[in-house]
Structures are given as C-alpha cells and as structure tokens.
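Think of it as A, B and C in the order they're written, each chain with its own count starting at 1.
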Amino acid sequence: MMSKKTSQNIAFWVFRILGLVVVAILFWILGFIIYHGAGVINWKFLTTAPTDGMTGGGIFPAIVGTFCLIVGSMVVAFPLGVMSAIYTTEYAGNGKLVRFIRIMTNNLGSIPSIIFGLFGMALFVNALGFGDSIIAGSFTLGLLVLPLVIRTTEEALKAIPDSFRTGSLALGATKLQTIRRVILPMAFPNITTGLILSIGRVSGETAPILFTVAAYFLPKLPTSIYDQVMALPYHLYVIATSGTDLEATRPIAYGTALVLIIIVLLMNLLASFLRRHFGKKVKTN
Amino acid sequence: MIEAKNVNFYYGDFHALKDINMTMETNTVTAFIGPSGCGKSTFLRLFNRMNDLIPGTRLEGQCLIDGEDIYAKSLRVDDLRKRVGMVFQKPNPFPKSIFENVAYGLRVNGVKDRAFIAQRVEESLRGAALWDEVKDKLKKSAFELSGGQQQRLCIARALAVSPSILLMDEPASALDPISTSKVEELIHSLKKDYTIVIVTHNMQQAARVSDKTGFFMLGELVEYNDTKKMFLNPDKVQTQNYITGRFG
Amino acid sequence: MKHTEKEMTVIKDEVSQMWQLVLSQIEKVKQAYLSSDAELAREVVSREKRVNTFELKIDSDCENYIALYSPVAVDLRLMLSLIKISGTLERIADFADGIARHVIEGGADEVPAEIKKELQIEVMFDTVLSMLSDSYVALESENTKLSGKILGKDALVDDIYHASIDILAGYAAKDPSMAKAMMHTLLVMRKLERMGDHCSNIVEEIVFYIDAKILKHNKNKE
C-alpha cells in the first residue's frame, strides 16, 4: 500500500509535469518561429507592401487589413453579443425560449469556420451585394465569434451575486438602471476576457475571410469599408503554399507568422492589463 | 401603517403564507421570529414586492401601506421601493465609493443637484451613525469598510431616498457582536422617524430591539403581541416552546 | 448611552425613589411614635400603598429587563438584587405601617416617654434609618466598604431588642395593668429589630451585586 503522502506526491508531480509540458510546447513554437522569423523583421518589412511577386518587400497591407477586420468584427460582435447575453441572463428568465436560444448559441459556436465563410459569401458578398469587402468579412468574422462573446458575457454576468441586483432594485432602481450602473461595471473585466478571446480568434482565422474579404495580392491600403484587404493569416497561407517561389518566400512566411503572433500577444497583454486595471476598481469582497 | 389582510402566498404549489392578518403601527419596530422556512422573510418581502422577482409566485389577499394597496396595478414598483427601504442579511454595498453608494438611490431617481446629493449623503450617513467614521474617506471604496460599517452603509444607502418604512432581513446575522450591537442601537434610534420591520433568527435580538413581535411557524402567524408580553408571558404554548428552546 | 443602559437607569431611579419613600416613612413613623402623633401615623399608613406600587413596578421592570435584554454578569446580578431589594424595602415599609397603625390605635400613648427613653426606641429608629441610608449610599456609589459597618449596626439593634424584654417584663411585673401595653411595645421593638435584619439583607444583596460575594448564612465564618 502506498502511503497517502506518496500518492499525494505522485499526483502532484504528474500535474506539475503536465503543466510544464504545456508551457514547454508553447515556448517551443514561439522559439521556432522567432528563430526563423526574427531575421526578416525590420521597419521596412512592417511598413512596405510585398514586391517581386511576393518574394520581397513587406507585409504592411496585411497588417492593416487584419487590424481593420479585428475592429470591424468587434464592432459587429461585441454590442450584439453583449446585448443578447444581457437579454438571456438578466431579462429572459429560464423559459423554453431562452434554453432554445442558449442551445442554438452553443451550436453556432461549433459550426466549422469554413461554413461561416461560405455563408458570409452567400449572404453578405452576394445577396446583400457588399462584394468582397471589409464589411462582408467583418460581419462574417463577427458572426463567427458571436457565440464566444455571448458565452463569456453570460458567464461574467452570472458571476455577479444576485445580492447586488436586489440591493439596487430595493432602492427603487429600474432593471435597466441596475444593469447599467451596477451589473455591467462589475462584469466589465470578465466581459473583456471575451473580447480578448474573440480578438485572438478573429486575427487568426483564415477560412471565413477566404471568400469574403481577403485579397491574394493588393499592395494598396483600403480607403472604405467596401474595399478588399489583405490579411495576415491568409497572406501567410498564400506565401506558404501558393506563392511564386516558395523557397524564396519561406523567411517572409516565418516573419509574417511572427508578426501575427506578436499582434495576438500584444492584444492579450493589453486586454489583461485593462482587466487588471478595472478589476482593481470593482473588486468585490 | 402597514397592514396585511388575509394574505396567502404560494411558491408554485407550495403554500408559504397562510391567511395572515397583521397591522404594524407607524414609528414602531416590529420583529418577525420563527424557525427557518417559516415564511417570515417571505412575508417581509411582500411589502417592497421583492417576491415579484421570483418566478412562479402568487399572492392572495391585500397588502396595504397607509391604506394604499401596494399591489394595485396603478402603482409603480420602483416608486414603492423608494418608500420602503430594505436592508439585507449580508452587507451588499456596490463596488463604488462610500459617497456613491449612498448617492446611488438619489441618482437612479434622477436627482442631479450636487449640493442636494452631498447634503442627503451626509444626513443619511449621520442617520446611520457612520458619518464620523467615514467623513474623511468618502471617496474610498465601500469595500474598505468593515462588515459592520458596510451594513450601516447599506442602511444609510436605504435612508438616502427618504423612505418611511425600513425592512430589515436579518441585518445583523453576518456581523460580530460589537457591530451587531451598533446596528441594534441604530434600529432603536431610527424608530422615531421610520417604521421598521425586522426579520431575525435571534430571539434575543427581537426582544432587544422591537416593540411588537410576530412568531411565524409553517407559514402561519402563530402569535403577534407586544414584545414584553411575548417574552414574559406568551399567549400560545407554541410560542413559549419556541422562545424557551423547547421547540421540536 | 445604549438603550439598554437607559432602561437600567430608569429602574435604578425607581429604586432610589422607593428608597427615599421608605426612609421618609420610617422617619415619619418615628416622629409619630415618639410624639404619639396619630395624624402623622395616618399619613404613613396612606402612603404605604405607594410603596407597594413601587415594588410591583420595579419587579415587573426587572422581569422585563431580564426577559428582553438577557442581562449577564454585573447586569444580571443588579437585576436579581434589585428584585430582592424592592421586596425587602416593601417589608420594611410594612413594619413602619404596622407601627403607624399601632400609633393610630393609641398604643404610643400608653407608654410614658421615660420608658421609651429607657428602652432606647429612638436609638433603634435612628440606627435602622442610618443602616438604610448608608446602604443606599453603598448602592449608589457602588462601594461596599461600608457594608461591614452597616452590618455591625444590626447587632446594636438586636442588643437593644434583647435588653428591652427584661425591661418590659420588669414594668409588667411591677404594674400588671401595664402588661398589655408592654407587650404591644415589645411588638413594636420586634418590628424595629426585623427592620434591622432586613436592612442587613439589603446590604448583602448590594455586596452580591457589586462584589459578587455571598455574605448570607455565613456569619460564623467571619
């Protein structure tokens, strides 16, 4: 028989090693990309358009394009997601309709992203006549991350104890005032978590933008929301698989990957900074 | 004056309050005692319509405040709740500054006049015997206060909207004895301006703070009497068994 | 001040009023007896009701205080001793009332002033009065230093009472027509002696309240 202490120790070490393995894999990937990509990154790489059949030059249009899509999709998904989450958690109670909405939201989240791409093409690009454009891509990406935003916002709202709601209502506040003045400020840090996750998801997705916005090669910058743009993940896919000279573009591909990862990491850092900043203000006891 | 006339209350099929008739006079403290699940909190929450928040509940009979039916269709619930303040078991200040906590009720009621708000905040904090302890840190978060101070802050918050009635649902059960005694003293001093109804697990507390006491059991109001009478010579044998600890 | 303390102050005030009333009853009955003043004695009898009312009021206030505020430690001892003190004060006032009735029936007239003097009845009255007023001071000042002295005075009262038996028996033997008056006088002195005993009980209650010591039934060990 193993003593309690020994089995405790074994379990503890198993968990610790598994945890370290995860971290190790992350660092391995990061290290691999930095090792191969760091060499090509310089100011020029970040600020110029690709040249020479994409075997030279930079990735500036793709960076701008990705930022446009991040902002655009958040503008679509955030208000919509937060408001539906407020409806389902604060207003709707626990009826059949709400349960149906919740199941459907979850189902929406498990639809493969390529389907979103096709749907976006059918609806936004063709039916609504937006054409291949930032607005079509933003709507498509927005729909893709909507379930994520809804779910994280719901969780954030549910985490607020009911005592704050009853406390506010008991003072003669209406439900809307309670949500606006008490619940949302308290839930805000956790809602930003949803934002972080969605931004990460949006900046990395290729399939939904494939048919809706992404350009194979478009060195000029967009001037309106009806323009096409290049985007980092699609650009990466292109230069890694279907460029004019794959061997020549390999370093550029790693550089692009590195930039993509840095953007995502920066977003995460910014969001977690915001979260901590607001978290201090609204920390509950 | 608060009146309940033939009040029956149901949670779904569960008959939680059975045919209750009761009158609570203005500027008195009335305590509700009874074992857990006896309906005393449910009864308390009828008077600011907090039970409305629970789906599947049903009320029969009438609840009147100063003769007005508070379940009348023409009455707005948020207006009622301004007149009937409530203090909860666990202190629940908002994650805001001490000042903003007290000002909250005024702000949601559309008060914009800053001088008036500042004046009401001070009056309310004084009324809740908290002013001297917090006057130098009104901008600090309410969470920096101790549990007892937080509860008095919640009382101040309720006072700020100038209610005439204060409902208290076990206001001291999460507090240490010193804070409890401060809250009890406060209840005593608030009596001259407010009609107070307090639910408590603690029979001694009911005895200490109240003028009249109602004893609830299994959804029925077993006895409603002067507190002195109740604790010295109750009319009903069930009351006697409960307050002497022979219950059950 | 906490509201429980205010309630307690109210009870203490009632007790002190009762105390003053009982003191003045004894003072008056002393005057009435020594000067055979039936008018004054009637006043004592009529005020006896007020003493009774005080006792009932204090008792019920103490009961309420215990029922409502569950006092412990010093507060509990105060309530318990005040209940007993109010009862004892009432008994003392009863004896004063008894002497007053005796005066009204003309009993004080039957005994010549020299005999009253020889019996030291005035000394007895004064001793009881000082015991009672000293014990009031002890309660008010929450100081039990005086308790030994007060209890000592009870011995004086007892001595006077025991000496009086021989004196009264002597007069009765000398003049059998005086026998009944002498026996009545003995009853008066007996009442005064009992008043002294009750004063001792009050002191014991005060010591119980302030020092939490029990002096009762403990005299032999002292």
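Basically, a residue touches a chain if its C-beta (ideal position, glycine included) is under 8 Å from a C-beta of that chain, and two chains touch if they have at least 3 such contacts.
Remember, it's a predicted structure, so these values are computed and weren't measured experimentally.
K.L.:
Taking each chain's centre as the mean of its C-alpha atoms, give the chain farthest from subunit B.
P.N.:
When every chain centre is compared against subunit B, the largest gap points to C.
K.L.:
Quick check: which two chains are joined by the most contacting C-beta pairs?
P.N.:
Greatest number of C-beta pairs in contact occurs for A-B.
K.L.:
Chain with the smallest distance from its CA centroid to the overall CA centroid?
P.N.:
B
K.L.:
Hey, how far is the Cα centre of subunit A from the one of subunit B, in Å?
P.N.:
47
K.L.:
Centre to centre, by mean C-alpha position, how many angstrom separate subunit A and subunit C?
P.N.:
Those two chain centres are 92 Å apart.
K.L.:
Report the residues of subunit B in contact with subunit A in the complex, numbered from low to high.
P.N.:
48, 50, 53, 55, 78-82, 85-86, 88, 90, 92, 94-95, 104-105, 107-109, 141, 143, 154, 157-158, 161
K.L.:
Which bits of subunit A are touching subunit B when the two form their complex?
P.N.:
93-94, 161, 163-164, 166-174, 177, 181-182, 185-186, 281-285
K.L.:
State the interface residues of subunit B toward subunit C in the complex, per the touch definition above.
P.N.:
181, 185, 188, 204, 207-208, 227-228, 231-232
K.L.:
Using the touch definition from the top, list the residues of subunit C that touch subunit B in their complex.
P.N.:
Listed in rising order, the residues are 2-4, 63-64, 67-70.
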